[in-house]
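Right after this note come the structures.
Below are two complexes that have chain A in common, paired first with chain B and then with chain C.
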Partner chain A sequence: MSLDRRQFLRWGAAAAAGAALAPGIRLIELAQARSPQEAASALQRWGLLIDITKCTDCDVCVTACHEENGVTGHGRPETDAQWIRKVHLRDKRTGYAQTLPFMCQHCEHPPCVDVCPTGASFKRDDGIVLVDKHTCIGCRYCVMACPYGARSFIHETVSGQKADAPRGKGTVESCTLCVHRVDRGETPACVQACNRDGGKAMVFGDLNDRDSAIHKRLRTEPSSQVRPDLALNTGVRYQGL
Partner chain B sequence: MMRIAAGIIAAVLAVAGFADAGEKRAHRVAMPVVKIEKGETCVAPTEEMRRDHMTMLLHQRDRTLRQGLRDSRFSLKNCVDCHARRDTGSVLGKDGFCASCHSYASVSMDCFECHTPVRQSRAASASR
Partner chain C sequence: MARTHYSEIEGRSPGFYALLSGLGALILAGLGAAWYMEHNGHYVTGMSNRIVWGVPHVFAVFLIVAASGVLNVASIASVFGRDLYKPLARLSGLLALTLLAGGLAVLVLDLGRPERMIVAMTHYNFKSIFAWNIFLYTGFYAVVALYLWTMFERRMNDYSKPAGLFAFVWRLVLTTGTGSIFGFLVAREPYNSALLAPLFIVMSFSYGLAIFVLVLMAACRWSGRALGDVVLNRLRNLLGVFVATVLYFVAVYHLTNLYIARQHEVERFMLWDGGIYPALFWIGQVLIGGILPLALLFGIASRRATAGAAACVIAGGLAQVYVLIIGGQAYPQLMFPEKEVSSSFFDGVVAAYAPSLPEVALSAGGVALALALTAVALKVLPFLPRSLADGDVGSAAA
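Showing the complex of A and B:
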């Protein structure tokens, strides 16, 4: 069978019209599953919702994160890297105590990216803020710029890294939202651990997808950002803060 | 006449001696150990890999990190998976696939300052 150009174009137009008949379904598919051949896109924005009222005194999220990413210390809390930490809050007058996990807030307008002199600190199209350690020169401007104190500098030679989380002396690092897991379609290690062994306080999902659990919760329940006055539009939101 | 002939013979011997010394000097540097542990063929022909593996890795790293394109073909993880030594599980160390060639060529590589040189068994990563 031979195909002339005109006929080919006609068929192409028909196929395009067919695809456009169900635009909603198509878009949701795109937003949920991404093949390894498909780049991260701005159609998605990954985020976390942490319900502090459910957050218990455990630290399974911290342990799971550091295990997943091979974050090891030298028993020197002043300089050891910290990707996620438990923060304890206590009202001085009433004595009401709360605890919450705290990590890189994955801002829409990240100050760490603004100040980076080499472009190593960057935001991926799907909203995950990362450090490109190939170009990081270890100047630590981003450590200073981050209002959340989320970044750590690696002071000492590292060994025993995980294949998915390269870490090396002289570079800055922070929570990656377990980007290697997200690219596989999984949830970050902290979320998985919290839902398995912890207080089931964390929800991970696409902030742009109206059908995602996180979008529904944010739409119907009160939530807050940390330091909303900075207008950074964080990807990590808290409830009960 | 005899003197000239003796001179020529001496010169020839001297040159041969130098050449011999040069050969010996070359052998003082241990030849790289290229032992393929796994798989029949690499992701590209050997000549291409020898010449361009650094370029492939460079492009792949930017695609992976910045765009999230985790195509495993030219990934460092894929290199290590096949080329790590069976006994040590590493591409570094004596006779390590990466280390032995790079030390022969006297080219330093910074990959393993951050990346792990050790093969991650697929079973271990699946169970995690």
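Showing the complex of A and C:
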């Protein structure tokens, strides 16, 4: 193939333009990514999809979560905090047994946020439900209001805290969806552990993003929420329930 | 009608100081318990992640509900124009303030972070019924204080009817707010009913009047003031009506649930096989708090029977609030219908709870605070009529 002068100039100009524009386009991409200083955006809604047909008897998700967030017990199961737990189900009629990881369901309309008198329980624009440790007065009304029993009250002095997961006696806490990891562009610790050492049952992603794996799965496969009758539109969804 | 004369109680007798000392000791024990719980954390109590509200909340809710109800006596006088109740109105207003103080003290001292009350006063989420209640409770103080002023200050007497009406409406809203703390909770099957708001209002009528009757009888007896049968019989009949109304609302609440298939399990738990809770319901709430007082009030016309009935109403009322608050949490939350549920976090099982000494001490401290404030106020200001003898109030009885 031979190029005449006119063609050479045309291709050359196109290549030069591409070289000039590409970094700019890349910059736009970078500019659209969230910086640590930037507030969470309602353009995203973070969620989890858990396929309980793949969930085995292991508890790597629980261990990983509590390690990541420095949630340690005092050997008092009634008062020790649990951010995520394995729930075992057995059908009352048939005896069919299942197990699943269960945690804060990150509702779109969270009852814990509704009842909190000081606004310490809050939902980020991207759907993550959190507790502001500075304004929680420890009234436990959110624990009363949560339909999923997902919250823990810190009953005694805590030690070994992680910098990313502040905790304090006399306040309430629950799964943060590993918000510190999500903000760094990573997946929650439970999901990472499940996919590495467990049954690969958990998918994390943006429920609003049509191109995300979680959105594709929810679009094409059956799934359900726990207590859908409450119309809370949970961010955590289950398959095989 | 002769003008009612009020006077302070003398408050110098050894009995008065013994009473204050006893109450003071209980208040100190309550403060000590609060410090102990705050210092160690709530693991030293009987409360847990499944029973987050325990005995302190039972007493706090009881006292707050009773506080709004005890004002009823004053409301009957100024809003509904019953002159017989007018001499009782000041004491009614006083008890409304002191019972609320006792209840709120317990509630606040049980918080995980009681030192953060300033946060609760400066950060509001107006969708929270708790946040409304902060305004309703503090507003109640202002409204009742104003109402008392219109009663005490002769030049303001003409305004006592509108002030009383305002206080009456305020207290109805307040008790609705207290009932709605539970009524608006969708997460728990035993709550989640609009009926809880009116139920709390009739409970307040009943508990408040029972406390009023006992305090009035004790105050008149210990300060040597006459308390005639006319006043007492009227209060006795009224208490009987209130007790019966509470029983009616409780019956409607349970019958509604019994009719709804998905509520059958809850009713079975609360009324039959829930261990301590059905026992407290039938023996405490219904028998001691309902049937026995009705028999005493309408069957035996004696002062001792009236006082006994009032004491039964208080005991039964505490049982009722215990069953509601703690039984309501003990019953496992329904998350997976038709499944047996188990986990390391006590899902699917009845949560265990045993009241601990610090909780009981804090609760008793709140009651003692309310009574001590009442005793001191009676000594400082003329809340109590010099005489409630039949001749002094009888002309107004018609």
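Some points to look at:
Keep this in mind: the second predicted complex is superposed on the first by the 207 of 241 C-alpha atoms of A that agree within 3 Å, B and C clash if a C-alpha of one lies under 4 Å from a C-alpha of the other, contacts with A are read in each partner's own complex, and residues count from 1 in each chain.
Keep in mind that, in the parts below, a contact is a pair of C-beta atoms (placed from the backbone, for glycine too) under 8 Å apart; a residue touches a chain by one contact, two chains touch by 3 or more.
Everything quoted here is computed from the prediction, not taken from an experiment.
Of the two partner chains placed around the shared chain by superposition, neither chain B nor chain C is touched by A:Val60.
Contacts of A:Arg90 after superposition on the shared chain: chain C is touched, whereas chain B is not. Of the two partner chains placed by the overlay, neither chain B nor chain C lies in contact with A:Cys190.
Once the two complexes are overlaid on the shared chain, A:Pro166 sits against chain B while remaining clear of chain C.
Once the two complexes are laid over each other on the shared chain, residue contacts for A:Pro147 go to chain C alone; chain B is not touched. In the superposition on chain A, A:Gln82 makes contact with chain C only, not with chain B. In the superposition on chain A, A:Glu156 makes contact with chain C only, not with chain B. Chain A is touched at more residues by one of its partners, and among chain B and chain C that partner is C.
Contacts of A:Glu68 after superposition on the shared chain: chain B is touched, whereas chain C is not.
Shared-chain residue A:Val179: touches chain B; no touch with chain C.
Comparing the two complexes, residues 134, 169, 171 of chain A contact chain B in one case and chain C in the other.
In the complex of the two chains, the chain C residues touching chain A come out as 38, 40-43, 47-50, 52-53, 111-114, 116-117, 119-120, 123-125, 127-131, 134, 181, 184-188, 329, 333-336, 338-347, 352.
Against chain C, the residues of chain A that register as touching in their complex are 74, 76-82, 85-93, 102, 111, 113-120, 134-141, 143-149, 151-157, 169-172, 226-227, 230, 241. Of all residues in chain B, only 61-63, 65-72, 77, 80, 113-116, 120, 125, 128 touch chain A in the complex they form.
For chain A in complex with chain B, the residues that touch the partner chain are 34, 36-40, 68, 122, 124-126, 130, 132-134, 158, 160-163, 166-169, 171, 179-180, 183.
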